[in-house]
Amino acid sequence: MTSRSYLYYPGCALQHRSHAYEVANQAVAAELDIELVELDDWNCCGATEYFTINRLPAYALVARNLALAAGQDGGDLLAPCSACFLNLYKTDRHMKQYPALAAKVNKALDAGNLHYEPGTVRVRHLLEAIITDIGLDELRARVRRPLYGLNLAAYYGCLIARPYPVFGSPEQPTMMDRLLEALGANVVPFSLKTYCCGGHMTQISEESAFEMIHRLIKNAAESGADALVTICPMCQLNLDIYQDAANKHYETNYFVPAMFFTQTIGLALGLAPDQLAFGQEFVSFAALIEKIQDAPPPRTRPERRPKQALPMPAMPEEV
Amino acid sequence: MTAIRTPTLYQQVVDSTPDGHRLDICLQCGTCGGSCPSGGDMQHTPREIFALLRAGYDDEVLRSNTPWYCVSCYACTVRCPQAIPITDLMYTIKQQAIARGYYDQHAAAKFSETFVGFVEQRGRSFEFGLATRFHLFHHPLQSIRLGMVGLNMLRHNRLALRPKSIRQMEQLAAILNKAKELAAKEMQA
Amino acid sequence: MDDRRVGVYVCHCGHNIAGTVDVEQVAEWAQRLPYVAVARHFQFMCASTGQELIEEDVRELGLTHVVVASCSPLMHEKTFRNACQRAGLNPFLFAMANIREHASWVHPNDRDGATAKAKALISAAVSRVLRQNELEPIRVNIHPATLIVGGGIAGIQAALEIADAGHHVYLVEREPSIGGHMAMFDKTFPTLDCAACILTPKMFDVGTHPNVTLLTYSEVENVEGFVGNFQIRVRQKARRVIEDLCTGCGTCWEKCPIKVIDEVFEAGLGYRKAIYRPFPQSVPKYPVIDVENCTYFRTGKCRMCEKSCPAGAIDFDMEDRIIEFEVGNIILATGYKLFDCRRIPQYGYGRLPNVYTSLEFERLTNAAGPTGGKVTLRDGETEPKSVAIIHCVGSRDRNYNRYCSAICCMSSLKFAHLVKEKTGAEVYNFYIDMRPIAKEYEEFYHRILEEGTHFIRGRVAEITDAAHTAEEEGKTIVVAEDTLLGRQRRIPVDMVILAAGLEPQADAAEIGRMFGVGCGTAGFFTERHPKLDPVATMTEGVYIAGACQGPKDIPDTVAQGAAAAARVLGVISQREVTLEPIRASIDESRCSGCRICNALCPYNAIEYLEAEGVSRVNAAMCKGCGTCVAACPSHVITGAHFTFEQVMAEIDGIMVDVYSESPTAPLAEIMA
Amino acid sequence: MSSKPKLALYWASSCGGCEIAVLGLHEKILDVAAHFDIVFWPCVMDAKVADVEALDNGEIDVCLFNGAIRNDDNAHMAHLLRQKSKVLVAFGSCAFGGGIPGLANLTSRDQIFDWVYYQSPSTDNPQSVWPKPHVKVDEGTLTLPTFWNTVKTLAQVVPVDYFVPGCPPEVSTIEAAVNAIVSGTLPPPGSVIGPDTTVCDECPREKNMKKIKRFYRPQEVIPDPNACLLDQGLFCAGIATRAGCGARCPQVGMGCRGCYGPIDRDLDHGAKILTAIASAVDANTPEEVEAILDTLPDPAGTFYRYHLPHSLLRRKELSAANGSNGQAKPERAEMVAASGGRP
Amino acid sequence: MSDNRSFKPVIVGFLCNWCSYRAADLAGTSRVGYPATLRDIRIMCTGRLDPTFVLRALQRGADGVLIMGCHPGQCHYQEGNYKAIRRVALLKRMLKQFGIDERRVQLHWASAAQGVLFTETVSKMTQELQALGPLDWPHNWPNEDPYVYTLPKTKQEAAHEQQT
């Protein structure tokens, strides 16, 4: 395999709050011969907040990153955070779609001696890049410690699936499901794959936030998941840091750790937990590592349907 | 006899949202309201907000907590049978609410503003500052409980006490100032 | 000596034209155009007095060509052509200038502009009419037989109408039996007749009618020819059961060891054997062997059916049969396809077991269906205590189909009734708008209201198994905004029925191409005129009926089947058909045989004569689009009524005031 | 004086190939000489314009005029020979349709001069010489014919009786023309001498349904020797070009260039080639169509190779008004005046 | 580019009988106004459009040519509009070489139900042509010859002159 190199936009969350994600990304990238070149002097994408305050400066804020990326020879720009991904992707796309907007944004960029031609930078999410560019076969071949016996729920969150269907279905994507299967894990059916984690609601209305967080951990636990696998620092934050509070609020006792997907990959690639910054999480991963078995669990025969049961419609394999 | 009419809120919202004009073809089917993860806590469902907006109940629209409870998960947008950019419209309504002074009633607006303040000062967000400043000012009681979370985060090495700044801060400031100037011009026109 | 004399008539259309266009000035101006013998303006040209004015002038002034400047030719071209004809003038020596729809009505605030445009359009018409030739309508003999494609209720109805009138019908059906979707239904709204009870007698009649050749398990492979004389080639797939011997006794499928999910007749909810007859009332009664699933064809062993057949009717070596015949008319009644509910993942169909489609529910509730008519959950035994019925699934949605599927409101009401009647369950109907629009439909809606069905006005956002509360545990939860309350509601139910929309058949476009019928945006066949000619198509001799033309319920489908039959009978009774003479023709003496035109004709009306090295247009197959005329690099294809000279003259005429200071100069030049 | 009919041949703006083509008659040229009294043929025999001017009006029976009208001198000779001839024949593609010189109508005089006198790599012009119609020298004023902005066909300058197409006209075509003149069996005035069918009619290649997925340049493929070239994606104007040449080019594997020009009812040769070629493009979406058309560079030059001045549009837009702000165009008189010197 | 609102361009339109002509009719029956710049010619199908027609219209002084037909896939003759796509694409490439701005020849679609779209198309094209200014192609070839020919004297005239 040839080594690949990408421009990389970590985003604010990965600097501290979700530093584990950054550590895991770098560790896994190194293991997969990928170079993640951090975009020099990047600025915050504005999250969902800046667009609330003032649209044009919000576009300009994001566009500065795109302009920098274009200047730093970036064809592809990888973002591991869903919000960053969406803001970068959306800004590029809107600028392309609405030339009047592009003109105004560029007028603003001009004040900083920058210019961005929409379409120059291809904004991608880290997960999509790993699956598309490396491929599941290659990944499967590199697994040194298959995650046998681990029941995982693939949690995509919202911004990656919507509104731009870069991940297949905006409702029931399967990209990460197949990734986790390739790592040897058992992927449990999880109905709330693309359900919102609550976003910033923790800061605004705890009630609302706890309700959303609680739904997710409840459904994951009831689906038999040992852990949730996330691809967004905000999702991980809400599910992890507020799990305890949500449990208290609803007087429940769920315990579902939320891992970053690169932490999961790293584990399967045989990296040590401290290489993947395990321990920064509130809901501990320790029990998970214990649970990994040496051999794949025996195949259970699918439950025999009663004779009078009606057939289920065939589901087409999602590509 | 012609009177110069200021554009209605509906018109302004629709005009300043990409593809916002699709709101004209809203069927009032309620898919948005049903799809909203925080819909249960909203004073009006998104569908109702649009109906009110159309009917000219501007005050009620701007006073509503609905847009501030939008978590921008885009579930409504992708499901809308008329392909109306609902999430983006919510952003616009929030901006209008701020611009028209319906501002202090919503903690969410303050949160956004605090966040943006940090971004504008340093180019990056700064959680510790955000949490402390926002909560001390707006939720003094809640901040005690969240303070525990903060401490816990510190313990897990997930909170920095000192903010980071980008290198070319003047450049970013120049861009943002110019953008604000253009946006203000847009507002006038 | 050139004795061409044109009469120009400018219509006021009351105030409609004269209010904007200065008709007096226009007529006066037109009088000065070359060859114009008379130019008049008149209050209402289409009135009998207006028409008589033309007739008089033709007789008394010896007019050779007539131009009327009034409304759209689509409105009154025929009227004025007839007036010309009555005066003894060939109707094709008439031209029309559309100064109402294209001038006065669209430039109401620009009198000068509208007047100038009217002049230009009249000058164009004068210029063109001088080049027009006498044309005679084309007459073709009609073959009295008719091909009907599709053996659903539309095709059956049409077949019986024509056959009863004494003409032969070939009814071609893709499946092993006729009956279509209607045969799968349980009850029909709003009267709740049993579908089988009203359909099977008709199926039987078609199967035994002396004037009907029934070709089931067959598909049309090729169509050639034109109205009155189509050559049809049909491939009849090998049943592998000898029809002459088979008695339809059923021993074979009883003995057959292979059980297959029946995706067609049972909508995937039941099973059939590898040798099967779709349903007990199938017409014809003979089974077919499903080669893909038959053990013998897969492994070379088994032959259970052959061994058990008392009549010796099994023939594993049977081959497809090609049948060729001629017909004069064709009716397409190819029906619809159900919207695939898996395309809306948030509705959970295929993922959540107790989410059914409307067609599945029809089978579920049908006494002849997989549960014997018992309404149960997917486990086949539990009766639901609460059922949600979702309207508009895949319809009225830009992400799927924009149109309204027309039948879902009523069939959802029917489902509500059937569920209530059979299970007593609580029923929740989720709708956007209720559209019970035909006779007795509103009454049916009221009946369902009275039965205590809950109606929630709100399009369902999602259907999930993720419970929030203890009450929701183990249920299928329907989430919607109750728009009349403005509240988000979560209704936990045992069963959900998705009223899936209607879609064109997957191969509608392909079929359309074969028969020369276009498809609209939604993919349904396009009628000649949506209001005034709803069962005819752009191809003469080809008609459409039923849901292949657009979503419709059984009453409308039957009406269209009969309407199409009436149109066909009308054509047959004329013995010959008259065609508009707008046709292409090739001057073979000058054709160089480059074959540019050959591949262009969508109707395959151009054939290449190898020996002569020239191409020839079959006038009866030609529709007169002119694509070949525009392409012909040696100007030997003439498009009647839209010849090169005529259109060029029209351009020169229309630019009369632009090209020269003197309005008559260029006309004189081109008309010389 | 000879009682034989008087014949004149003249060479205006063209390569001269037409004159050579007349010589291609070989021994039959003697018949021509025997039958005609050749009064004027500057290429072959000495004669002065003054001699022609001295003739009576209509004294020349037949004049074969080749070459396009490019400058004042060409125009002068056209008028003169028209005046002196009973029958004026536009002989060859240049006189008929403007010919290869007519392609200059896709540029302007200034662009041509600029290239020829300044820009072309082989030019060495240290004194910046630029042709002028009148130059004063010590001895007096030297004159040059004024070079026109637009190439015209002969018929656009003077009335023409017959047209003989070809670049050059085939011997058989010339023979047919000469025979018609000699035998007095000329078609009605204004006619083109030649059959009213296209080159395809004479081309022995096997034609098929035309579905072109891409065009090839001649150097890119070795064509099938029996199949129609256009079927193989090689541009061939034979579909829309008058027959009479015996399909010489297609026969040797080179697509017809279109030199025999349009057939009788055709008002625009290039448009007819265009519509036929575009019809054969096998694509239905704009993107696919554009991709295929990308393989056919220079459509205007290709479709109007010999007949640009004869086409409906005749030349490229002259002023900058098109596409700018609709300012008044320079008056024609100004343009004529401008031909004097470099702007 | 300056707008020139006072300039009324002349657009020659070729409308197909089944869709765009009916759209134009619909604009009329529903009284949706548009500038009186279009002069339309009905053809059965855009497939009938001979590029010569476009050249003729330009040659006769049209400032633009608008061709309108049924939407792709909805041609009443199945595929005539696809042929129009091919021909107009090639024609536009060629006209570009003639120095003609590509906005002067436009191909658009409107179904019989799209009266408003039809009027919008005409209005938009009118504005574009106003911005472009007149084309006035006939100016490209003044009818009189730039060379002024004076008849030379014939032998008889010369002789006559000598005598007198």
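Observations on the model:
Letters A, B, C, D and E name the chains as they come in the text, with residue numbers starting at 1 for each one.
Convention: a contact is a pair of C-beta atoms (placed from the backbone, for glycine too) under 8 Å apart; a residue touches a chain by one contact, two chains touch by 3 or more.
These figures come from a predicted structure and were not determined experimentally.
The set of chains touching subunit B and also touching subunit E is given as C. Minimum number of contact steps separating subunit D from subunit E: 1. Counting C-beta pairs in contact across C-E and across A-C gives the higher total for C-E. Among the remaining chains, D is positioned farthest from subunit B, on the basis of C-alpha centroids. In this assembly, the chain whose C-alpha centre lies farthest from subunit E is A. Here the spacing of subunit B and subunit D, counted between their Cα centres, is 71 Å.
Once the centre of each chain is set as its mean CA position, subunit B and subunit C turn out to be 49 Å apart.
Mean C-alpha positions place subunit C and subunit D at a centre distance of 54 Å.
Along subunit E, residues 50, 52, 56, 79, 83, 87 each make contact with two or more other chains. Residues of subunit B in contact with at least two other chains: 40, 75, 78. Residues of subunit C in contact with two or more other chains: 346, 600, 627, 630-631, 644, 648.
Those chain pairs judged to touch are A-B, A-C, B-C, C-D, C-E, D-E.
Residues of subunit C touching subunit A in their complex: 261, 268-271, 342, 345-346, 349-351, 353, 364, 370-371, 376, 378-381, 464-466, 468.
The part of subunit C that touches subunit D in the complex is made up of residues 590-600, 613, 627, 630-635, 644-645, 648. Those residues of subunit E whose C-beta lies close enough to touch subunit C in the complex are 8, 10, 12, 18, 21-22, 24-25, 27-29, 31-45, 47-50, 52-53, 56-57, 60-62, 71, 73-80, 83, 87, 119, 138. Against subunit B, in their complex, subunit C makes its touches with residues 346, 396-399, 432, 457-462, 479-483, 486-489. Interface residues of subunit D facing subunit C in the complex, by the touch rule stated above, are 196-201, 207-211, 228, 230, 238-240, 243, 263-267, 272-273, 275-276, 279-280.
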